[in-house]
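Next, two complexes with chain A in common: one pairs it with chain B, the other with chain C.
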Partner chain A sequence: MIDFIDYLLGGISSGAIIALMALALVLVWRSTRVVNFAQLGQAMFTTYIALTVRELTGSWFLGLIIAMAAGLVVGVIVHFLVIRPVKRLDTSGAIIATFGVLIALEALAAMVWGGDPEAFPPPINNSGYEAFGRIWPFSPYDLLVLASVVFLVLALSVVFTRTNVGLAMRASAFNPEVARLSGVRVNRMLALGWAIAGLVGAVAGVLVAPLSTLSPTSFDIFLVFAFTAAVIGGLDSLVGAVAFGIGTGLVIALVSGYSDSSNAPLVALVLLVLNLLFKPEGVFSHHKARAV
Partner chain B sequence: MEALVQRFPGARLGVNAVTALVIWGLLTWVNQVIEPLMSYYLATAAMYATAMFGMTILLGLSGQVSLGNGALMAVGGYIFALTSMNWQTVPILGTPWNAVWSMVFAGFGGVVFGAAIGGIAARLRGPYLAGLTLGIAVGVPAIANRFPELLGGENGLMLQVPYPAGGYTSGDTSDEAVDDGGEVPLDEEPVYEELPDDFGDFDEEFTDEFGDELDSDPGDLSDEDLLTEDDLLSEDDFLSDDDFLTDEDFTTEDGFEADIDSDAGADLDAGLDGGSEASEGADITDPAADLDLAGVDAGVDAGFAIEQWQASMAIAVACVVGFIALNLVRGRQGRVWQAVRDDPIAAAVSGISPAGSKISAFVVSSLFAALAGAVFAQILTYVGPGAFTLGLSLSLLVGIVLGGRNSFIGAIIGAVILVWLPEFVLDVSADRGWQDQITNNAPNFIYGLLVVLVVLAAPGGIVGGIQSLAGRLRGQAKSSSSP
Partner chain C sequence: MRYHLPLTHPLLQTVDISVSFGGLQILDEVSIGIPEGSVTGLIGPNGAGKTTVFNVMTGFVKPDSGKVKYEGNRLRHVKTHHLTKMGISRTLQGVGLFPSLTARENVMLGASGHVRSGIVADALAMPWTDAEQRHIRDKAEAAMAELGVLSEADRLPGEMPYPVQKRVALARALVSDPKVLLLDEPAGGIGAADMRELGRLIRSWVPERTVLLVEHHMELVMEVCDLIWVLDAGKVIAAGSPEEVRNDPAVLAAYLGEDDHEDDHEDDHETVH
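So, the complex of A and B:
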């Protein structure tokens, strides 16, 4: 039983980060009906930028801020240079293009920073708290991660539900034609969606890097986790992405704890298959995942 | 030609058989005359082409973006490795035909896995399918870690290439080689009779004297640095002759149209199977003969001869797969796939099951991927999680998109690009003196940019681009592209 609690505690922070990544995928999907398979490639790239800034200035926080700005810029660039020019009906083209961006970004990162895994040490103590005579697998850094994620999610929900920009973004996602007729600059809202997604992904990248190592391909597996969480959540739902992101993280932590961490990709795969078999439209959404 | 096909119902099969045979003959001849390093590139390109014929059907004709083909190659590779290593003494399935049977099992495994995955995946819409197959590409190689005793875990399995002993013996295949005549160089026949006597002796010498050296070469590949896709592509960086494949590709295309004869009957497609095995037989004995004659001091030749044999095997598989693919695509099934891709509802109204059509495309492409994986295992003499990465799946996608996703010629061009571009970058970097980390990753960077460019500017890839250019020159807008 104490094992169970340990594994759950250990999975909370990675679950929260997966939730952020899923959130980024959902933000892009809502704005342009594209799953951005390059999302975590962008996050990997901005995390390298954060690492460089941190090595130059010694400040983790400055690295995070610059990575967020870079994520914003990269998101907008990818949207304008790649996604907008793809023909609207060419869904396979859009998917392939995002994979092209992923390949290019991973190669570019390897060219600039080298392909070897690099350590990204946590900014604060990452050894567990001590209480009731034992060490719990929950550290000050986990607390920082959790606080950051909660803050970001709350900020996003305030933006989406309480501001005019948020309303315009929701309108553009819900019905672009009507939104345009109502005077919403839909294209700007779509670009804003990509920008916010890039920012969220950048935060997720900087937060997750200390939990493993940073290499050009080390986020590939998180792409699978985030996609799983986003799809189970309905791909359309911000709440679903957060809830199932944390859920996916916890399930992975439990399975890794009781068996072996190399099983994590298989766990994600099984979750994804089960979801697509029994509730392909996701838990929080009503659109169709199956074509036939 | 069309008139001929309409008059004789079986003629299409014959035409395809002649096409495959001509290409096979040409490539086999090329493989005999080029340098052994070129044979290695040829083998790799043929392996990629085999897998990408499946991508043409899946992505081009059926319109499904799948990243699972690298994982299905892993299925084929592991099945080949396990059956060819463990079942050598089993009667019937055992030694003389061991490797051929392993190939069959690999293909069968591909069909089973493809049907299982396809049943779930093929009915999903674009991004869901891509995401699920992405998970498969990342997850399936990790299965090797679940069964470390059987599958070798993270280290994978070293494979004994079924050469010169092992899978085949010259005696069994030489008959067919003689029967088939045509494509096999006649001057090599006398060698067959003498070989089996010296074979055993030679094999012992071979392993005693050179076992270390030969084993250490693939060992280096697998243990040190095989683990990323860049390394797979650019591992053998000695020399590069860029034009060796493109040239003969053009000749095959010419020969394609010109060499079609009226007596291309059904016996020719029967001849294809015999022919492909004959090529294996001929090429096994041929390098063995070289070794035998050259004696013990020809260690370099020994390494090269293996590559030539690998190339002949890869070519034979690619041609058989290409023949199957041509028959499927140019027949009813091809039209069914296209109909479902273009309008599933209209297809369903016409009595076609869209789900069935998509699953069948998945199964066929899985079969091809598994066969390519078996070939890949023999080229690397290794199977392991590091060989079948997400990078492999992505490079298949890159190849098919660049070459042209709607045609088999596009698949071949894509395969050539995948082999040629890393070598080209190596050449350039040698001239410019780039750092290793730039040289090793520049090909992927170029692939990524090219993929985006192709999607935006020429969705049909190189082949589609040439077709539309030719159409524009002829002053007629040609909208449909035929595979």
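So, the complex of A and C:
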């Protein structure tokens, strides 16, 4: 029983990070109906930027802020330089093109920073809290991760439900023609979707790096988890992405705990297949419930 | 034959607009004008090209030739999202509401062209954007009140009867305080009582606003319009007052042509028997 609790506790922060990654995928899907397979490549790239800033200035926080800004910029660049021109021809082409972006970013990162894994130490203590005479697998760093994710998700939900821009983004995603007639600058909103996704991905990257290592391909595995969470959540539901992101993190922690962490991707794929078999529209799809 | 009508003050007009899709001529040198302060109707049998005229005016369709003029100036490269700012508002066939947004949010969207604060300031919920948000909210609620749907403000479109959804869509078109309203079949799918109410509403907007109406319900068109343009197979075949249009032989032929066709069919039927 105590094992079970340990595994769950250990899975919370990675679940929260997977939730952010799934959120980034959902934001892009909602704005342009493209699954961005380069999302975590972008996150990897901005995490390298954070690492460089941190090495130069000694500040983890400054690294995070610069990475977030870089995430915005990379998101916009990918949208305008690759997705928009390709999508004009063909939507599925745009999805393939995101693979191209992923490969290009990984190659570029290897050229700039080298292909060897780099350590990205946590900014604060990452050893578990001690209580009731034992050490629990939940550290001050886990707490920081959780707090950051909660803050970001709340901030995004305020933007989406309480501001003109959020309203305009939701409208642009649903029906661009009607949104244009209402005076919404739709292309700008789509770019903004990519930008915010880039920012969210950048935060996820900086937060997840201390839990593994940083190399040009070290985030690839998270794409499987984030994609699973996003699809099960319904692909266009922010709530679904967060709920199933955390859920996926917990399932992975249990699988890794009771068997071996190399089984985790397999379990994610099984979840994905089950979902597609029994509830292909996703659990939180707007066809059933009101999606935020 | 091209039909030209002397117009003193066309607020919005098309001049010799031609549109073709895949070798099919949808509009053939169509010139129509909407006098300022009038309710102008655009009618014609199915497939005459009425909605295409709207699509050209609102930048959804680029004409092969011809131009659109608004307030005497040529509109080049009509950018759809600029229209509400210029004072042009359009409703769509059906309702075109966003199903996951409440009625109030749907109507507030109609004022998007008037949002001045930047994306970043808005996202950070700066105090001045709060004030703007409130202002837009007030305008949305005023528009909903004008259409008698304020009580529905917090409901989703799917929870309302169809005629109420149509009113919400009209409120969204009104919230930007347009000079010109382009209404695409506003009476589609609503009952007789709602239609009379709609007629009164449209008349109450002029002469402050100008209305272009595409509509199948002839009673409504004849009742509210000052001027009617008649399209058939992509060409203007007649224009004038409701009285003139009603008695125009070309119009009768166009509409009867449809009926003739049906009659032919029935005749065929009889010969079979």
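Throughout what follows, the second predicted complex is superposed on the first by the 282 of 292 C-alpha atoms of A that agree within 3 Å, B and C clash if a C-alpha of one lies under 4 Å from a C-alpha of the other, contacts with A are read in each partner's own complex, and residues count from 1 in each chain.
Everything below uses one rule, namely that a contact is a pair of C-beta atoms (placed from the backbone, for glycine too) under 8 Å apart; a residue touches a chain by one contact, two chains touch by 3 or more.
Because the structure is a prediction, the values reported are computed rather than measured.
Within the superposed three-chain model, A:Thr163 lies in touch with chain C and out of touch with chain B [touch as defined at top]. Note on chain A: of its two partners chain C and chain B, the one contacting more of its residues is B. After overlaying the two complexes on the shared chain, residue contacts for A:Thr217 are found with chain B alone; chain C is out of touch.
Of the two partner chains, neither chain B nor chain C is touched by A:Leu190. Of the two partner chains, neither chain B nor chain C is touched by A:Val153. In the superposed pair of complexes, A:Met44 makes contact with neither chain B nor chain C.
Touch criterion met: A:Asn175 reaches chain C, while chain B stays clear of it. In the superposition on chain A, A:Ala104 makes contact with chain B only, while chain C stays out of contact range. After overlaying the two complexes on the shared chain, residue contacts for A:Leu199 are found with neither chain B nor chain C.
Common to the chain B-facing and chain C-facing surfaces of chain A are residues 290-291. Within the complex, the chain A residues that touch chain C are 158-159, 162-168, 170-171, 174-175, 177-186, 188, 192, 286, 290-291. For chain A in complex with chain B, the touching residues are 29, 34-35, 37, 82, 85-86, 90-97, 99-108, 110-111, 114-115, 217, 220-221, 223-224, 227-228, 231, 260, 262-263, 265-266, 268-269, 272-273, 276-277, 280, 288-292. Note for the complex: chain C touches chain A at residues 58, 60, 80-85, 89-90, 92, 96, 98-101, 105, 108-115, 117, 119, 122-123, 125, 129, 132-133, 136, 156, 172, 176. Against chain A, in their complex, chain B makes its touches with residues 59, 63-65, 67, 120, 123-128, 130-132, 134-136, 138-139, 142-143, 145-146, 228, 230, 344, 348, 354-355, 358, 390-391, 394, 397-398, 401, 437-438, 440-445, 447-452, 455-456, 459.
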